[in-house]
Amino acid sequence: MSTTEVMDIGGAFLESTVRTATPLALAALGECVSERAGVINIGLEGSIIAGALGGTVAAGVVGVGGGFVAGALAGMAIAALFAWFAVGMRADQIITGTAITLFALGLTGTLYRSVFGDAGVALSTPTAGELAVPGLSQIPLIGQAFFSQPAMTYIAMLIAVVLGWWMRHTHAGLALRATGEYPDAAVAAGIAPRRVQALAVLFAGAMAGLAGATLVLAQAGTFVEGMSAGRGFIAIAIVVLGRWQPLGVAAAALLFGAANSLQTLFQAMGWAGVPYQLFLALPYVLTLLVLAGASGRTAAPAALGKRD
Amino acid sequence: MMGRGETAQSETTLLSLERLSRRFGDVQALDDASLRVRAGTVHALLGENGAGKTTLMRLVFGLLTPDGGTMLWRGASLRVRSPAHALSMGIGMVHQHFTLVPAMTVAENVALGGHGRFDREAAAARVREVGARAGLSLDPSARVDSLPVGAQQRCEIVKALARDVQLLILDEPTAVLAPSEARELLAWVRRFADAGNAVVLITHKLRDALAVADDVTVLHRGRSVLTMRAADTTEAHLANAMLGERTIAAPGDVDAETVVAAEHAAPALDDTAVAPTQAPETVLSLREVTWRDARGVVRVQRANMSVYRGEIVGVAAVEGAGQHELLRLLSGRLTPEQGTVVRPADVGFVPEDRHRDALLLDAPLFENVALRGAGLRGGRLDWAYFRRAADELISRFDVRATGAAAPARALSGGNQQKFVLGRELSGEPPALVVENPSRGLDFKATLAVQQALRAARDRGTAVVMYSSDLDEVLMLADRVYAMHAGLVNEVIPDRDAVGRAMLGTLADDAPESLGDTDRTPAGSSA
Amino acid sequence: GGGDKDRPADGAAPKLRVALLTPGPISDKSWNGSAYEGLLRLRDSLGAEVSHIQTKTPAEFEENFRQYGAQNYRLVFGHGFEFQDAASRVAPSYPNTIYVVTSGRVTGQNLAGVAFLFEEASYQAGMIAGSATRTNKLGLIAGTELPPVKASFEAFTRGAKSVNPKVEVITSYVGNWDDVSAGKEQALAQLARGVDVIFQNADAAGLGVFQAVKEKKALAFGTNANQNAIAPDVILGSVVIDLPKAFMLIGREVQSGAFQGRVIHLGIKDDVVRLELNDALADRISAATRAAVDSVGAELKAGTFRALADMIGRDSATTPATAPAAPSKP
Amino acid sequence: MRDRTPPLRSAVLAAGQVAVLLVVALLLLAALLAATGHAVGPALTALVRGAFGSWYAITSATVVRMVPLGFAGLAVALAFRAGVLNVGAEGQLLMGAAAATALALPLQHTSPWLAIPGMIVGGALAGGVWASVAGVLRLRFGVLEVISTIMLNFVALNLTGWLVRGPLQEPQHINPQSSSLPVSLQLPVLLDGTRLHAGVPLLLVTAAVLAWWLFNTASGFRVRAVGANPRAAHSAGEIPVGRTLLLAFALSGLLAGMGGAVEYLGITYALYENFSPGYGYTAIAVALLARLHPVGVLGTALLFGALEAGANAMQRDAGVPSVVVSVVEAVLILLVVALDRWRARTASGRSGL
């Protein structure tokens, strides 16, 4: 292989890494906030698929920008249902999340068919173009990957940075962390933990909705039933991998994106003979190895998943 | 002792509670509780375990709403919507159980509940400023879970003061403190009140109440049964009020005279039950035992110790000296990395935090009985046997519970403690290790626990007992080991000797210095 | 669509009742979607009463086959090779119901497999791809590796090599059939390796392949249904299985009482499988290529085409295909 | 004491609440079906008929579905009892099915009396080993099992995809599935003309044994104690916490693996890539709704089996597409959850801090 070929492949690999990581990072950053408030939302998958459909429907009417907003709102609506049960009624977070995912997958399929008919739409949704940062996008190897992406990628990076700052440098961020660590302490300090949790869950829903909208409006250009394809669950794993820190979560999303791109790259290298399933399993095995390697107990919020 | 006369200058009533009531399911926690707190005073709120003290104060702090009665704040009707509301009006509360976030720093905990931007530097400065004003020193950047309890208690108070409160509610603040720390805290409470503020002090230590308070209110079964100036009453009088006008027949019950007498009892050196002529039989021993925690800090260093049949060995130490680990090494709950531990297979163990370390709170009492020794048992469990054992334990140790099937959570703190102690004694183990056995207990329960320990000793059990209350150690122990910075030494059971040994070469700021040692690997790898 | 609840009175000519089991959602614009179209065609043209169910797992195949048998459905389609075992277990219990497994090779008294000779048109698509490529690199992308997919990829490769021996073929699998973004990533990875024509068979995930090809201005082929309209600027053509037509052929046979359990081969000769070119991109295909493709088509129709003889079992149709299935059990 | 409701009255009250919620559920479903353009009456009739409408529906649709859900539900219940958040029953079930499939060939010439138990045991062990990987990751490396088991599910899924195209593929190497299990090795059918197989009594016995073990033996009690309070278990019970947790991981995987093997031996008779539609995930809801009680799991597994069976009938007979059906299922689960919370709250009027 020539040097330029290696550079091309490397560049394409990095581009793919960032692309794959973007929706995962968005959803995982939201979930990070929700888990910091002590709520684990298995219904994230539901918010992602709702965001994808919301984005699709709205983008056809009001354009791509409106599509993203609608996606966020749709994701938030699903999260509101989750919050009503898991926060409002203190129902078990895991059963509720499971039901919410089932609900959203079914509901989006139903609505999609009733809006677009049994045959559906294909590739007719407008998509956001790439936004090249002048100068930076010309850097060899990494330029295209990091500085010539749809706007949503930059927004995800920005959100990671802002969230990291917000959690450490605002009172609201402190209140969030206290709620997830020790709700009684939050109460004693005059914070209303349930309100904090409800808001965190809604934020996570909006972020997951954005992730879903990104899948459609910045990547696929179409809605397909079940297109979230388990990203909600991966995002939950990414939060742990990123140790509940926004920047860590963004890095973990990139790592997962890289593992996944490696998988597509290996297949595209035409390495016949190696069963493709082994490549497909690569990201998961890699995640496990990284988690095991980063030994030592991960500092999960102490009250994560607790009911009372 | 502290200018109580001067406070008479102010007669403004800050907080006034009239005939408050509150019930939880079947329990009428408050029935007819009234309380009047004057500005510039310390008001002691007394009562036995479960009397309703905490509940009454939770009404004031907005954590609960009353079923009936009225509350007045500075003469105006008071309806507290939430703790945030209470804080905004100048009412702060330090809870019986710490409400600090362990994973956050002191500054972050103190700043909790604010709005807008959180400035680490400003928050740290605030901690230092409030700390300096109140005479409570704290490292703002220390993580709370790395602090000894004394410092955590100071953090709780600074947290309340940083909100500029005029009324501070302290719910059993000295229960977790070493005597010297407790003295400091009470002195500060006095100064705080003298500055024109007010304090409600909940405590089980009548002596402390009388020493520091201007006014005293006693609750009994949710009613205020006595309110008067502290200067006009005595410990015996208060104890009588706390016990109410019940006629008591149960074996664990006592009258006020005994209680007060017991609290002032000198170290009991004369009542060793095992015949002194017999050669002492070693039941527990440590030889050159060393133990390090997960961070590599040496907590116990080359400890040597022997405990004989039929004696109570006291351990005296300030928080964080390594006594926590020492007791677990003795009881076999920790395995030493160096040295030898000789112990019988069955050692009873009563940890200080019974919620966390001794009970399955949601399981019925008979399952909690079965928990003891569960790791060694095999095959089928005979539940009928454990039910009988639980019933027997309930009656023998005067545990107030609806029966063997009641969940442990349903018991009040004192009864949980009696249950745990009873359980650990029930197998008549050759050795028993207990840690702060009377923390948070009212005097009656304390006495019952102390009696149980003596009775075990008299039956021949080798008892090791640690209490953060040095007086309790001296009162119960036949021999005393003092512990300081991981080093264990036997000392003569004399107040001054023990006090010096447990503080080592360090001066009075010992707890804070130890906290620093914990965090500095250099200081500990020696 | 809802089923008609009217039951014909006893003795009256029974209405044809047809059921369809699909392994995936009918909104995929591909394998499942066109089968559903076929079912609706039977309803509209033959007046059949129809029912459809999307099954989730092999455990449900047998149950639904039995339910339809018990309700006296006349014709039940199991849409995919995976229905074979269940169909051959159930068929003997319901002799009045005819079970047809598409892409299957099981046979019985009332059981037929349909072998779509998808390879034939795939070969033709390969010829066009082989001549259209500038980089001599062709991509193949599928959801997961299935027998019909593998066969059609093999035929496509042979067709490409027949016109351009230098071509190199890269195969990738998405791992599922509905992750559009993942389909797109697989395509982008191939495109980055220099691939300039992609033949996909990934149902819904294939839409992602088209999107990638659109963005990178490469070329692609559609499958199963005529997908040319989805991305008319990049799709050269679609390898179509005319499932409605196939369903009609079988439906008529059943209605007329002429049905016989066998493997039914349907290919270019029957106009059930065909390559439908995209007129908008007609200029991308040279006249010579077009002529070569047409002549292969003619040979396939005449049954004289040899290059796929080893793959296509039409000649062996007389020998009953051996199913991997075990002897059935009630 | 004064407002303690007499048992009869409270029973009537509880029944009344259930009735109210059922009515709410039905109204919601009706609204949903009407909104999506379906005839409400026939759809709901089909739902009930598909689950309980005929002997065939009960034995071959509802009860048969209860089996994999039940085994996986027991697996989740046991793990959660020990405080182990095993979300990996799905992968463990797949590995159990794969191991049973792998054993079919070597065992097929032995007696069925040996082969069938052999395959079930093999499947159970495979599930146990798969779960133990998560156990070791937790105890040795501190990897939270919530994450590792999700990852292991994806790995198991891909592994199955490879096995059915590789070592376990049917001998003609055409279809991505294993060869069909010979009749002699299939779990016997209990009632002619149905699919009711010997896995059903096996599930009932397993649940009973598990319940007995959890509540009556020392080792079962240790598992519960560690789950209730690991520190107290260690300190007051002198229970080896690590070893007990590992046991819980392994036993949980064992049960899920057994479920996979039984589903293979009793229903599918072959291993497929999409062998499980997510039994392991539904099992979490099954176990939690049963309040982690093994006998309760039988009830909730039956409920979910009936829902799925009814859902199939709704598609077949009323033309309600499967996407709508999953909404219906979700609504029913949420209603059960709401009912559960309502009961819990009216039972104890406690307030917080």
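By letter and in written order, the chains are A, B, C and D; residue numbering begins at 1 in each of them.
Rule of thumb we're sticking to: contacts are C-beta pairs under 8 Å (C-beta built on N, C-alpha and C of every residue); 3 or more make two chains touch, one makes a residue touch a chain.
The structure displayed is predicted, hence computed values, not measured ones.
Chain pairs A-D and A-B differ in how many C-beta pairs they share in contact, with the greater number at A-D. If you average the CA atoms of subunit B and of subunit C, the two centres end up 76 Å from each other.
Per-chain CA centroids place subunit A at a distance of 28 Å from subunit D.
As a whole-number value, the distance joining the C-alpha centres of subunit A and subunit B reads 46 Å. One inter-chain figure worth recording: subunit A and subunit C are separated by 35 Å, centre to centre, where each centre is the mean of the chain's CA atoms. Taken residue by residue, subunit B touches two or more other chains at 63, whereas all remaining positions touch fewer.
Along subunit C, residues 25-26, 145, 175 each make contact with two or more other chains.
For subunit D, residues that reach two or more other chains under the stated contact definition are 158, 161, 165, 321, 323, 353. Contacts between chains, counted with the stated touch criterion, involve the pairs A-B, A-C, A-D, B-D, C-D. Interface residues of subunit B, counted against subunit A in their complex, comprise 63, 82-88, 93, 95, 97, 99-104, 108-109, 111-120, 159.
Considering their complex, residues 8-9, 12-13, 15-16, 19-20, 23, 109, 112-113, 118-120, 122-123, 127, 215, 219-222, 224-227, 229, 260-261, 264-265, 267-270, 272, 276-277, 280 of subunit A touch subunit C. By the touch rule above, subunit C contacts subunit A in their complex via residues 25-29, 33, 36, 145, 168-173, 175-176, 178-182, 184-186, 188-190, 192-193, 195, 204-205, 207-208, 210-211, 214, 227, 230-231.
Those residues of subunit A that touch subunit D in the complex are listed here as 40, 85, 89-92, 94-96, 98-100, 102-103, 105-110, 113-114, 184, 187-188, 225, 230, 233, 236-237, 240-241, 275, 277-278, 280-281, 284-285, 287-288, 291-293, 295-298, 300, 305, 308.
Chain contact summary for the complex, subunit D toward subunit A: residues 36-37, 85, 137, 140-144, 146-148, 150-152, 154-155, 158-159, 161-162, 165-166, 281-282, 284-285, 288-289, 321, 323-331, 333-334, 337-338, 340-341, 352-353.
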